[in-house]
Amino acid sequence: MTALAFDEAGFTYPGAAAPALAQCTFAAEAGAITWLTGPLGAGTSTALLLAAGLAPRHTGGHRSGAVRTLGVDPAEPGAPAILGGRVALVLSSPAAQLSGIAETVAQEVAFAPANLGWPRERIHSAVDRAMEALGIAHLAARDPSTLSGGEMQRVVLAAMLVLRPALWLLDEPTSALDSAGRALLHDILRSEAARGAAVVVASEDADGLYAVADRLVVLSGGCAVLDGAPQDLLRGDAVWDAGVGSTTIGTLARVAGVDAPRPLTVDEGVARWTR
Amino acid sequence: MNARLLALLPAAIAINLVIGGLVNALGLPLYLDSIGTILAAVLAGPAVGMLAGGIGQVLFGLINGYQWIPFGLVQLLIAALAGLAASRAGFRLPSSSLAWGLLTGLLAGALSSVLSYVLFKGVTATGTTAVVTLLRQVGWSLPVAVTASSLLLDLVDKSAAFLLVGALVRALPLRMMGRFPRAARAVGR
Amino acid sequence: MDTVTPLVLESVHFDYGGDAVLSEVSLRVEPGEGVALLGPNGAGKTTLTRLAMALRHPRSGRVVTGGRDTGGRRPEDLADVAGYLFQHPSAQLFERTVRAEIAFGPGRLGWTSGEVERAVATVLLELGLESLAAHHPYDLPEPTRRLVALGAALVSSPLLLLLDEPTAGLDRAARARVAQVVRARRAAGTAVLAVTHDLGFAVEALDRAVVLERGRVRLDAPLLDVVGRDPAFPAPPLLELSRRLGFAAVRPAIESLAPLLTSRAKFGTLEA
Amino acid sequence: MTLAPGALAARAHPFTPLVVTAAIAVAALAVPGPGPALALYALTLVLVVTTGTGQAALRALVPLAPLWFFLFLLHGVLGEGGRVTVEGISLSRDGLALATTQAARLGAIATASLAMYAGFSPSRFVDAVAEREWSFSVAYLVVATLLALPRFRARAAVILEAQRSRGLRLRGSPLSRIRALGPITFPLLLGALAEVDERGFALETRCAAGSARRTALAPPLDTTADRLVRWLAAGAGMAAVAWRVVG
């Protein structure tokens, strides 16, 4: 099932000379992790905002083409009521995503369910489960604003996981996380996809995502130029032509003059270079 | 209320309450405790500015004592004037910002002197009151002393606040300018 | 001038009014040295750099930055010998262009406008920001904005660079750029002390590890003896690869490994 | 906001201290003359001590001290009318009465509001508002700002550190200090504005602006005693106004 579909979608921010996204066509399926990447300013963040309906509703500006999120046009006036609680959005700086009114981590995680008017008992059990899943149950009584960046990002993830969303939109979610936090995030995304949610993650962390994502969509100059299995794409030359690049070892291999298909991991590199 | 205002307003109010401590480091006779109000009015309209100024005053009262609540009226007046200035491109130049700042300082000073005299018998914030005491000592009558000192300090403070907001908004990054269409009008673009 | 030690700490104790944050910390950083300050959250790493910038003063012991005892000195008294990169660029960005933002520091130090202009041009070139010099820092993507803040710390050519998580939130290109700039500055004699969790960056740009734990120096050793050897500091991919291939003495950076791999491939072909 | 958990002020329904404080403020403006004003101040002190917020009485002295000093100076020493001599200082009789009345009024108001602040629990307040189905936006703005203050103060401190590390001097000539206004205030303003987008996105995604009724996570108990106290306080406030109007 297609959870998110862009059809020739474009977007121009107010006052901007050039569009941030132009005639962009791609789709994200339920039950899969779609990895969105591109050179700086390629429009991956804008694509996520369009999918959530936040552009143009919050940002102003002009959208063209069609976007369908969970079957509705997210820019429709009635969309927030339909999509509320079904779409999760995770951004890179955790501090700016806290509710601002929670005195404890448990209250923070309960913020969205309470806003949606869930019954109290349901909120409490869902909050406990979400904190458990992110390994932050021991922080339940802490003031979220005093946590470290990594802990805070886990709280933000729990605050979305609690909703059991049908669509995850994540924008560079790992930049505040250490390697253990990254591994945990990837586990969560895998299990969310297994549950049937669609996961769209915009990231330039090739080392982390090449083995996690089911699909790689590369944006360049505001439109989708590549779409395929990450393992295949990252070994080849097309990602380089699109201005993206590969994993660390894949990058080393290219600089060292190795022809495609190139190694992507340390193990593959050792195998390639110890012949 | 939309999520954008829920995000903007606490920041504007917190700026009102916190900036005094920052400016204090320079030892200038400035409070700038209406700068968040002015900014909110310029970016999102006078009603939003009034909300920032009003709620800010309530919280200031909660922390410092509710005797100061009546001065919320002054914040509302400042928001209205900043909104008016913004709609007339009043922040286009330093000179125009200064002119609106002086006008606001004049009216705000007049209103606070009335509040200060009627409700507080002339004794309010330490700086203002020190000036009042000084003027009383050289023989001015209380109402005149209160009015003169309020006007003096408010003229300086509001001019500085308007000049600063004008400088900030004229130099606003394009991205933020695009998000706040009123800001572009405030600086005549 | 060349005899000045950029940073000396002598049995430094410090607390914020509660438990000790730093105890009995002694450290010397020589010109051109690159020190990675490692350790868990709350170990006192950032506090140590703050003491070096005279943002705080030790309870006991001595901190000497650029040959000046920080006792009785304020950060502005050290601005010409030390540059400090704060964790969040929003702490300092205020000018309307990248160029003006970077020029602010030297302007405070009484440099002539010609000197300022030259120093700014050098930094813009070094960081690859020339084409963005006229942009508003807040119009740039977050990683680029962080480079601007780094430029502001570099511009006065300090003897000592204090960097608090210099690669946090950076994309790969910006990260590589920072590593390259740090190496270049070190080669020119600048000492670098960086608080970092990014071991890939650390092994590319620095070569000494100081590990803090609960306010004490647990370990002070060559970086490559720590990363990948101590379980708390797992080897980043390039280091692991170069070790498994037997390139123990090579800096684990793409530009130093790639030529070796190229020649090995050729050698392999010849042999076959 | 540190309070013994068993304190009356910590157990009371969030709206009760609100009404009591408002009543004290209204009564303070209404009471005529130094005697009644001092009595109200005394009553307020008794109230804050019995509700476990006695510390607020001391903390209120910080804003009150300069006010009291200037009231004495401006009205007691520099006031007009008949004079008395105390310890060799000539003082205005009417001025002294006026200063005392005003000082006691301010004392009552400041003490009551700081006591309310000491007992204020943001989450209980939000829950109380949610339970009554009043405007969540207003509760959100009040609480979000209060909780943001420490963060903004910390940020202001870091800005000063960052700019001083770049060589900015805060104590130069007046002109150089005026020039320093931009470098120290703009980072705070720009940083706050830069966050608005992301914060707004997060709040909308988390349905803060939705129309659904918010669930109170742990609704505070509203006892009969609470209700009684609120009615009594409101009554007393109105009585004070009536006394002023009639008397």
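In order of appearance the chains are A, B, C and D, and numbering begins at 1 in each one.
One rule holds for everything that comes next: a residue touches a chain if its C-beta (ideal position, glycine included) is under 8 Å from a C-beta of that chain, and two chains touch if they have at least 3 such contacts.
The model shown is predicted, which means the values in this text are computed figures rather than measured ones.
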Can you give the shortest number of steps from subunit B to subunit D, where adjacent chains in the path must touch?
-> 1
Chain pair, A-C or A-D, that carries the greater number of C-beta contacts | A-D
Greatest centre-to-centre gap (Cα means) from subunit C is with chain D
Euclidean distance of C-alpha centroids - subunit A vs subunit C, Å | 30
CA centroid of subunit A to CA centroid of subunit D, Å | 43
Express in whole angstrom the distance between the two chain centres, defined as the mean CA positions of subunit A and subunit B.
-> 42
Where subunit A touches two or more other chains at once, the residues are 58-59, 93, 100
Would you mind listing the residues of subunit B that make contact with two or more other chains?
-> 3-4, 10, 172-176, 179
Counting only residues that touch at least 2 other chains, which ones in subunit C make the list?
-> 138
In graph terms, with chains as vertices and touches as edges, which category applies: line, ring, star, complete, or other?
-> complete
Where on subunit A is subunit D touching in the complex?
-> 49, 52, 54, 58-59, 80-81, 84-85, 87-89, 91, 93, 96-104, 107, 110-120, 123, 145, 156, 159-160
Per the touch rule above, subunit D residues touching subunit A in the complex are 121-123, 126, 130, 136, 140, 143-144, 147-148, 150-151, 195, 197-217
Residue positions on subunit B within touch of subunit A in the complex are 3-4, 10, 174-175, 177-179, 181, 184
In the complex of these two chains, what residues of subunit B are touching subunit C?
-> 171-176
Per the touch rule, the subunit C residues reaching subunit D in their complex are 50, 53, 55, 74-76, 78-80, 82-84, 86, 88, 90-94, 104-106, 108-109, 138, 152, 156
